[in-house]
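Next come two complexes, and both contain subunit A; in the first it sits with subunit B, in the second with subunit C.
Now for the complex of A and B:
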């Protein structure tokens, strides 16, 4: 029986693991956290359908059906080629000998403190999109003082498409997430004024435009084209925003009760440590570089090492799952040959 | 000592003489053109300087810098010796030569080649030994120059021995001039050695000459003797003719540059004559290459000061613009420059050329009526302007608004101190003008200065405190304010000294990064260190004081890509954290942002550290 190590038990890792184990291979699913599910596990509802993240994740886990061996709290300490196989040493000195490594390490969320001018960690009413999902989950969307927000703004592209933090790439999912979250806020507090400060709205996928349309026609969410330049705090701990409405061509000052930063995706640190051990290469954006952008985007430059999910760049959930299934079928073909 | 030949001329002196006439004509025309290009008040300054006692100061400086190369000695002894051997040694040879002619053949002083080829035309008779002193001094000086030449050749192979990692890449014109220069002294040595049996010589030429004769006893008329004099003369002629087209132009322009600088002339607009002299005074020695982080870290060699001046010399304006707009203006090169070429000032001129009329109109609204709400001014008036009875105006600065932790820390410190203060730009302000000036927009900067001065002076405060070194430098140097200007590091140090605030010392290990605008460009080094010493354990680094590095996020370098900046920030953080400090402290919002990006160590403004540990 051939064996596979899948590094990272986010949705890509889970999906690939269930496909490969169904095909009769021995699968080790390595996860550094005590739980599986990755970023999706932190989410409340998903765009564009508002389906609960928990339901999607449970479906994926049900598919896995305990066939793969999940190694929790495990990080790769060492790995290298041994004959035609790979030897992996995990934390706690557990040794694995596998035929294939599938990298599904995913992404890291941009650390919002790096944009100090937006005041995350300095002003009490500045939160990130991840923080907001946690609030949705706990059904407790309030300002620091416990009051519901009367006015709220989302800032798009925090840590994405921003040369100054070294990220030129678009994180793909934040625009749709911001529109989704804006609608959810309006559902929760119909009287709350909601603003979205965007550069462009990238409503690229199926149903996204409908969602955007609904945000305006049904929920009266305000969209302002302009990047936030800086945030301040007034005596009532409201956040004072300085921006420009670039369509109207006017500087704008906006006071809000809660500011949500749409933090983007960055290449993850775990993946960076794997690079040197497995001879993988990163692109200029930090994400893994594939063998060919069009035809071989699940292949690495090292024979027997495959990629799936957001380790090769930002993806939506359907894209990630499709990528995982593609990778699983390629790994299977590789093992059979 | 007597004349050996009836004729005082030989055809071989021609190459030298032609070269000399050429270079003197060139010098005369260039001098007239430079002086003519000077604005009238600068011409007056120059005249006043020349006819004052201060000219002796310039003379002394020319002697110390152009001949002795004092500043190069400070950098590296071997390098200093090499430069001095060439410049001062050659100068002495010329002096001895003229003294000899003056004493032994005064009627030949009108012949320019006579002092140079003295030993061809004159001879020491056995009965008179008057010349032996000069022969000895000549030989000694020649040996001195030759020792410099040996070092110069050695330097081409092993520059590290001279304290240089990088050196100038030579183009063909520089190479021709350099090899001609290198050839002059060995050829002179050979020619004089061959002739030592005939005209006499001292320990070096006579000694080596007798060895030659021991091998083969040639006479003057043998075919291969006279060409040595020809070769010596040709090398001199080639060097003189190549002089204006090579790096050696500085031999002519540097003395003039020193005189003009001491006369108080500055480069304020392009083509003023002074700037021309300045770029031709660059000796292309390459000393500025190592300090430049654009060269050593970001691989942008074309932006180095030495290459920027070359772009200007060759009229490559696109390249000069590129170099000027990627320059960080950290001034590490100007601090290192042995000649004192201020490329930062020249670069502002280059940038000024790029600024168009439209850009310069962007602040026109500042002088329109405040009540006219169609202008954006209502969004920009200073918020605290109504509180006029205060001790201190606190102006955080636009950059500090991007690092809000610093301005919050300063508010806490000001409140704790009990000083009456006015946080004048809490709600917004207009720019101090320095970023605009650094981008070359002089008129816009002037408008901002005018408006800000008006706004500050209407508040009767004693002190203006700013958290931004960029504003600090500009307020201090370009504003006429009714109050003293302090950077917050100076102000905090003062508050600590007079006991208005007290801090609990911690055991945190702190490294301080000197911001360019505060340290090298404004000379504030001690106050931030004193503040940090009172709050934690300040570690020293190899990059303290004038050696401090640029964080890479300089606002001056508008065309420098962020990726290059990031490489530089990473490099600086690595260099500063070799002793594993707990905190990397700085006193500039731009530096703070640059270092926070690297994600490697806790980065704080010194105001934050003080505010956290207030009693």
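Now for the complex of A and C:
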């Protein structure tokens, strides 16, 4: 029986694990946290269908059907080639010997504190998109003082498309997330005024343009093209925003009760430590460098090491799952040859 | 008063903290398609009036939305209602109706 270590039990890891274990391989699913599900486990509902994240995640876990051995609270301390196999030492000195390593370490969410001028962690009514999902989950979307927001703004591209914080790349999912969240706010509080401050609206995928259309025609969400230069706080703890309305060619001032920062995706720290251990390379954006962008996107430059999911760059959930299935079938073919 | 040789300029900032949305709300009520403009500028690029004056329907609708209605008043009646923009608009906005509604409210029905 061939064995595989999958590093990271987010949705890519779970999906690849269920495919590969179904094919009869021994799968170790290594997770540094006490639970599986990664970022999706923190989410309330998903674009574009508003399906509950929990339902999607439970379906994936059900598919896994306890076939893989999930190793919780485990981080890779050491790993290296041992003859034709890989030796992995995990926290707690657990030792694994496997034929293939599949990296599914995913992404880290940009730490909003690094964009100090937006006031996260300084002003009490500045939150991130992840914080908002937690509020949706708890059915408690309120400002710090406990009141529902009467005015709310989303700032797109926080930590993305910003060379000042070292990220030139677009995180791909935050435009659609911002439009989804804007509609959800309006659903919850129809009288709340909602503003989306964007640089470009990247509604690229199927049904996304419909979401945008609905945000305008049904919910009257205000889209303002311009990047927020800075946020301030007034004596009522509201957030004062200054931007340029680039389509009007005029500076714009706006005060809101709650400000939501659409924090982007960054290459994950776990993956960076794996790079040196396994001889992997990152591109300039920090995400893993694949053997070929078109034809070998799940292959690393190290024989026997494969990639799936957002460790090779930002992806939506359907893209991540498709990538995981592709990787699983390639790993299977590799093990059979 | 002594003239010190300087004057105070009006602020050029769009201040969304001042509620000036009355005209836009009327527009949406009478022509809901106005909400779905994506500011692509197809209308403005096809408009003959725009080739010779600073009439720009995209910008007019945007300024109306932002509550900057003062600047619209002197220019809204430059539109010839030829309808070229309506053929071109990718979102199917009823642009001529929009111009007529804005003109009606800004000039109380007077065509000058």
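Structural remarks
Going forward, the second predicted complex is superposed on the first by the 337 of 337 C-alpha atoms of A that agree within 3 Å, B and C clash if a C-alpha of one lies under 4 Å from a C-alpha of the other, contacts with A are read in each partner's own complex, and residues count from 1 in each chain.
The rule is short, and it goes like this: a contact is a pair of C-beta atoms (placed from the backbone, for glycine too) under 8 Å apart; a residue touches a chain by one contact, two chains touch by 3 or more.
Computed from a predicted structure; not experimentally measured.
Looking at the superposition, the partner that touches the larger set of subunit A residues, subunit B or subunit C, turns out to be B. Using the contact criterion defined above for the overlaid structures, shared-chain residue A:253 touches subunit B and also reaches subunit C. By the document's definition of touching, of the two partners only subunit C reaches A:245; subunit B does not. Contacts of A:217 after superposition: subunit C is touched, whereas subunit B is not reached. In the overlay built on the shared chain, the residue A:225 is in contact with subunit C alone; subunit B does not reach it.
In the superposition on chain A, A:122 contacts subunit B only, with no contact to subunit C. Within the superposed three-chain model, A:292 lies out of touch with both subunit B and subunit C [touch as defined at top]. Legend: residue contacts after superposition of the two complexes on their common chain; A:166 is shown touching subunit B, with no touch to subunit C. Shared contact residues on subunit A (touching subunit B in one structure, subunit C in the other): 250-251, 253. Every residue of subunit A that touches subunit C in the complex is listed here, in rising order: 195, 213, 216-217, 220, 222, 225, 245, 247-248, 250-255. Partner subunit A is touched in their complex by these residues of subunit C: 12-17, 28, 32, 35-37, 39, 58-59, 62-63, 65-66, 68. Residues 111, 113-114, 116-117, 119, 122-123, 163-166, 230-233, 242, 250-251, 253 of subunit A are the ones touching subunit B in the complex.
Within the complex formed with subunit A, the residues of subunit B that make contact are 376, 379, 401-405, 408, 426-428, 561-563, 566, 592-593, 596-597, 599.
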